[in-house]
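Scrolling down, you'll hit the structures one after another.
Heads up, the next two complexes both have subunit A, just with different partners, subunit B and then subunit C.
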Partner chain A sequence: MADLTKTRAGQAGQPGRAGPPGQEGTGRLAQVRSGLRAYRLISAMWIRSLMAYRLSFVMSALGNFAVTAFDFAAILLMFSQVDRLGGYALAEVAFLYGASCTAFGLADLALGSMDRLGRRVRDGTLDTLLVRPAPVLAQVAADRFGLHRLGRLTQGALVLTYALVVLDIDWAPLKVLMVPLMLVSGAGIFAAVFMAGAAFQFVAQDAAEVQNAFTYGGTTLLQYPPTVFAKDLVRGVTFVLPLAFVNWLPALYVLGRPYPLDLPVWTAFAPPPVAVACLALAGLAWRAGLRSYRSTGS
Partner chain B sequence: METVGTTDLIELEGVEKVFDVRKKTGFLRRERHQVRAVDGISFTVPRGEMVGYIGPNGAGKSTTIKMLTGILTPSGGRLRVAGIVPSRERTRLAQRIGVVFGQRTTLWWDLPLIDSYRLVHRMYRIPDARFRENLDRCVELLELGALLDVPVRQLSLGQRMRGDIAAALLHDPEVLYLDEPTIGLDVISKAKVRGFLRDLNTQSGTTVLLTTHDLTDIEQLCERVMVIDHGRLMYDGPLAGLHEVGESERTLVVDLERELPPMEIESARVVKVEGPRQWLAFPAAQSAAPLVARIAARYPMADLSVREPDIEAVIAKMYAEKATS
Partner chain C sequence: MKGMRVRAGRFRLYAAVAEGGFRRYATYRIATAAGVFTNTAFGLILAYTYIALWDERPGLGGYDQAQAVTFVWLGQGLLTVMALMGGGFEGELIERIRTGDIAVDLYRPADLQAWWLASDLGRALFQLLGRGIVPMAVGALVFDLALPADPLRWLAFLLAVALGALVSFGLRFLVALCAFWLLDGAGITQVVMLAGTFFSGMLLPLNVFPGALGDLARALPWSALLQVPADVFLGTHTGLGLLRTYAFQLGWAAALLTAGRLLQAAATRRVVVQGG
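Up next is the complex of A and B:
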């Protein structure tokens, strides 16, 4: 601060220029980079905060693992009574379950705390994020980054691994490629749901539960084969809220199963563009939400 | 319209902020009406000035600050800070301003204080040498040395406030906004914060805009004060001038040699009598000397003292007058 006046004089002479060297401009790509950087910085701080309470961290990670494991235990329990569920064998259901859980786990790990936005809007602490030189979306996404959510992800990945080992699949290259593609796109779709839900909280600050209905509710739905649900529900999660693209359509391709709603086979390859479209829409919703906050205050 | 070469760091011209407020009138029915939180405010703050921005709750102080930091978008008028339109280039502006919200800490609750500063270091991309220099200076002047390794949750309110102020200054902001920086602090903490701010302003030339309820902050720190009420600027000028505008009164406390009925003196009135002591109110702009002479000529006076008007009372009076007019 000693030689502050010098620098300032320099800055005052050219107020049109961007700030200090190394700072990105206002381009879209630069913004994404700066957002990712902020996300990394802030989530690292939360991890360190968590480590201040190691025992609590271990307990919540285990709890996170156990709670989701109960879901699968319920499925196992059903299979102790029946051989097939909606025409699907245990390993096949495990595949659907593992895929849904892993995809959701990734999104949940990355953005799971976005439902806290409503609280930040209510108590006004969102303002403290708005005065920092980083995109708000990245800051909100990294807010309360919870490493304990690895529990859910681990559980999903374990079940998926089990299914992949047990399943008797004729692995063609496309099918092999489909598995990682499915997980990444699925995570993208869930991420879009998290984002859109958060955007909605700019308007309705107590809507965290609405968001949870779509995220946690959605993943539970996808853990079962589409054949056990009513057609209208399947239609809804295909065409309205495209959760069917998370695992159903690509997984049925891998399993060589008939498609729900007589959809063509190429829809198995739709998840990546669907995910991109969902993320774009969610991005627009986010911008609209943030704009309404900035013009109405709270 | 760049502001090259001008010395005004903050410029507002007819700035307005209108909120649409929906009020529940039934189960699902809502009534909409508009609230003009800021109703056409214009002022400029030159580089290096320290300005107090005061007004009652709901007067529009926070709304103004939020517009100046880019949190809120104005509904009308022109607004620039360091040549930047805040709402349009929020993140770029963030590099050049520091904000301290008195009631909301930006520090990391569970981490040692130094960790919050390291995050600021990286998030604001402060050059290493500059960061170390600024941190050392803040640590020294704000007496943070022993606190750097203490988790923020263990700090007292005063320590945390000092910590927050340091966090807002590490990136060399040109403007520092302080929203209630001394709220809830004890006398010693208040004095420390004020002392630091005074030094910051005089030595580093940082422009400071301060909102507060504590008028002592203003008296001790600001040459210039702006009073806002109902979204309008009611006064903008030196602190001393506030008294004239508010038609404030000084008080002459007279100790007589014995108990007497209330004195009768022109251009002053007795407001209180307590034994041989009497309190006389007279216009602040008027000299006390002739008044004292008049009293001395007619009454047996033992001692006297003059009390300056309380700004709080001045402002309260100003509000009251505005309300009745």
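Up next is the complex of A and C:
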């Protein structure tokens, strides 16, 4: 019954959307605008559909909050036994944790549904998205938009606030600026990981779970200070998959802590260009994946 | 004579159901490989955090560092076996209750609980082989693990895992049956999953939990899923202590399975089939 309502809502949402302009000359900007518009309309439709079962929504948002809060509970339990972990105090780890979870939460809220792509490829329902007059990326990203993911975002933001209150930081203007910059760029980097993961699912299909190692695994890794991990692992997440730019480098700048791998201090300001580069690469990967798509034909 | 033949037939039936459960999960090889990859990645991350913790407090909870790291890999290996984060039969059973397909199941000349138990044990066996061995092997390659040298202890561990799988089923069967009253089982599934993550030792070994919280966690059934098998593996329980541990697991398994039977009886008496 629930599914039926949702399908109906899906169909009802469709005709209301104006098709993109037919002319090619309007350029990239118009394309982006039509993509964002499609994303907004489709996600708004899913939110309306979610709100039809309000109690269920509240429960799943609370559940989402609690699941992520457990990661922090583990850290609190660890600190019930020790005063420092890898040389970092609880408030500092909370800062890293809050930054990682908030950045990830933003990306997860916007693009978290993309991990359903493998299923759509498998059962052939991706075809319906291909024939609609809206960018496929926007449709896939907004598909079954999960507002309950606000739970994770809220939890991360609360821990970040706690850390900012408790920490004794000498706030220079650059450090103040660094916090929002870190969250936005970090969300960008995680968004690129989600997109690349979705592109991978065109090829891998059943292997959807692999991307969890980089998304959920990535945010778990970043919750702890880099001093905890082996050098090679830190090198890998700095130079190969640049997760270190999500929170480690900018947060260590704010905390005034030494950098891993003897990296120069200016790397703290690298996250925005790194995020842009990651998104561009992920966009290319997405395009290659979409081009390689062959329908199931059934 | 006739009774024995019936019993043998029953056994063959449930063995076939268990085999089906095994094969069903064995079919998705790429998904299994992907799961192994993810478990291994998480194992690596968590192992380093445990090393940092035990660097700070050597001997915390009675484990040395090698034992603590071994605990991480045991957790990753048993995660799907015990369906700690869901993914067992319960979602399917809840869906059958919600849609009313359960009526067909109740018509079958087989017991509902035994049927799903057999199928779930088949699944657990596959997950143990398919998703347990490789992460453990990778862990042993990268880190110094406390692997038992005594083959008997490996057997003792396998028995603890089997008993843990029974407790895990008992818990999830109760959860699934709640759908008879709630129809939407998502909420309770999530709550129980949360409890399972917290109280099984998946979040952190229970012997690291402070004071009364630790005592409570060790007494709850979820500790039978990961903490107890891990402790048997690490050699914490031997001799009489080992028997006491098994008794603890058996006690919870018996209590939960009995509660499952009672709830099943109550549910089938009151069932109004959905979807008519």
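As a convention for this text, the second predicted complex is superposed on the first by the 267 of 298 C-alpha atoms of A that agree within 3 Å, B and C clash if a C-alpha of one lies under 4 Å from a C-alpha of the other, contacts with A are read in each partner's own complex, and residues count from 1 in each chain.
Just so it is clear, a residue touches a chain if its C-beta (ideal position, glycine included) is under 8 Å from a C-beta of that chain, and two chains touch if they have at least 3 such contacts.
Note that the structure is a prediction, hence the values are computed from the model and not measured.
Enquirer: So, does A:A66 touch the first partner subunit B, the second partner subunit C, both, or neither?
Expert: second
Enquirer: On the A-aligned overlay, A:V265 touches which partner chain: subunit B = first, subunit C = second, or both, or neither?
Expert: Neither subunit B nor subunit C is touched by A:V265.
Enquirer: Going by the contact rule set out at the top, does A:A38 touch subunit B (first), subunit C (second), both, or neither?
Expert: Only subunit B; A:A38 stays clear of subunit C.
Enquirer: Identify the partner contact of A:T125: answer first if only subunit B is touched, second if only subunit C is, both if each is, neither if none is.
Expert: A:T125 sits against subunit B, while subunit C stays out of touch.
Enquirer: Regarding the shared-chain residue A:I47, is it in contact with subunit B (first), subunit C (second), both, or neither?
Expert: It touches nothing on subunit B or subunit C.
Enquirer: Looking at the complex, which residues from subunit A come into contact with subunit B?
Expert: Spelled out, the residues of subunit A in touch with subunit B are 1-2, 4-5, 7-8, 11-16, 18-20, 22-23, 26, 34, 38, 41-42, 45, 48-49, 52-53, 124-125, 127-128, 130-135, 291, 294-297.
Enquirer: Under the touch definition given earlier, write down the residues of subunit C that touch subunit A in their complex.
Expert: Where subunit C meets subunit A, its residues are 28, 30-31, 33-35, 37-38, 40-42, 44-46, 48-49, 51-53, 56-57, 60, 184, 186-187, 190-191, 194, 197-198, 203-204, 208-210.
Enquirer: Which residues of subunit B touch subunit A once you look at their complex with the stated criterion?
Expert: Of all residues in subunit B, those touching subunit A are 2-5, 17, 19-20, 37, 47, 63, 66, 69-73, 75, 82-84, 87, 89-92, 94-97, 99, 101, 104, 106, 108-111, 115, 119, 122-125, 127, 133-134, 137, 151, 169, 172, 174, 200, 203-206.
Enquirer: Write out the stretch or stretches of subunit A touching subunit C in their complex.
Expert: 56, 59-60, 63, 66-67, 70, 73-74, 77-78, 80-86, 204-210, 212-214, 217, 220-221, 224, 227-230, 233
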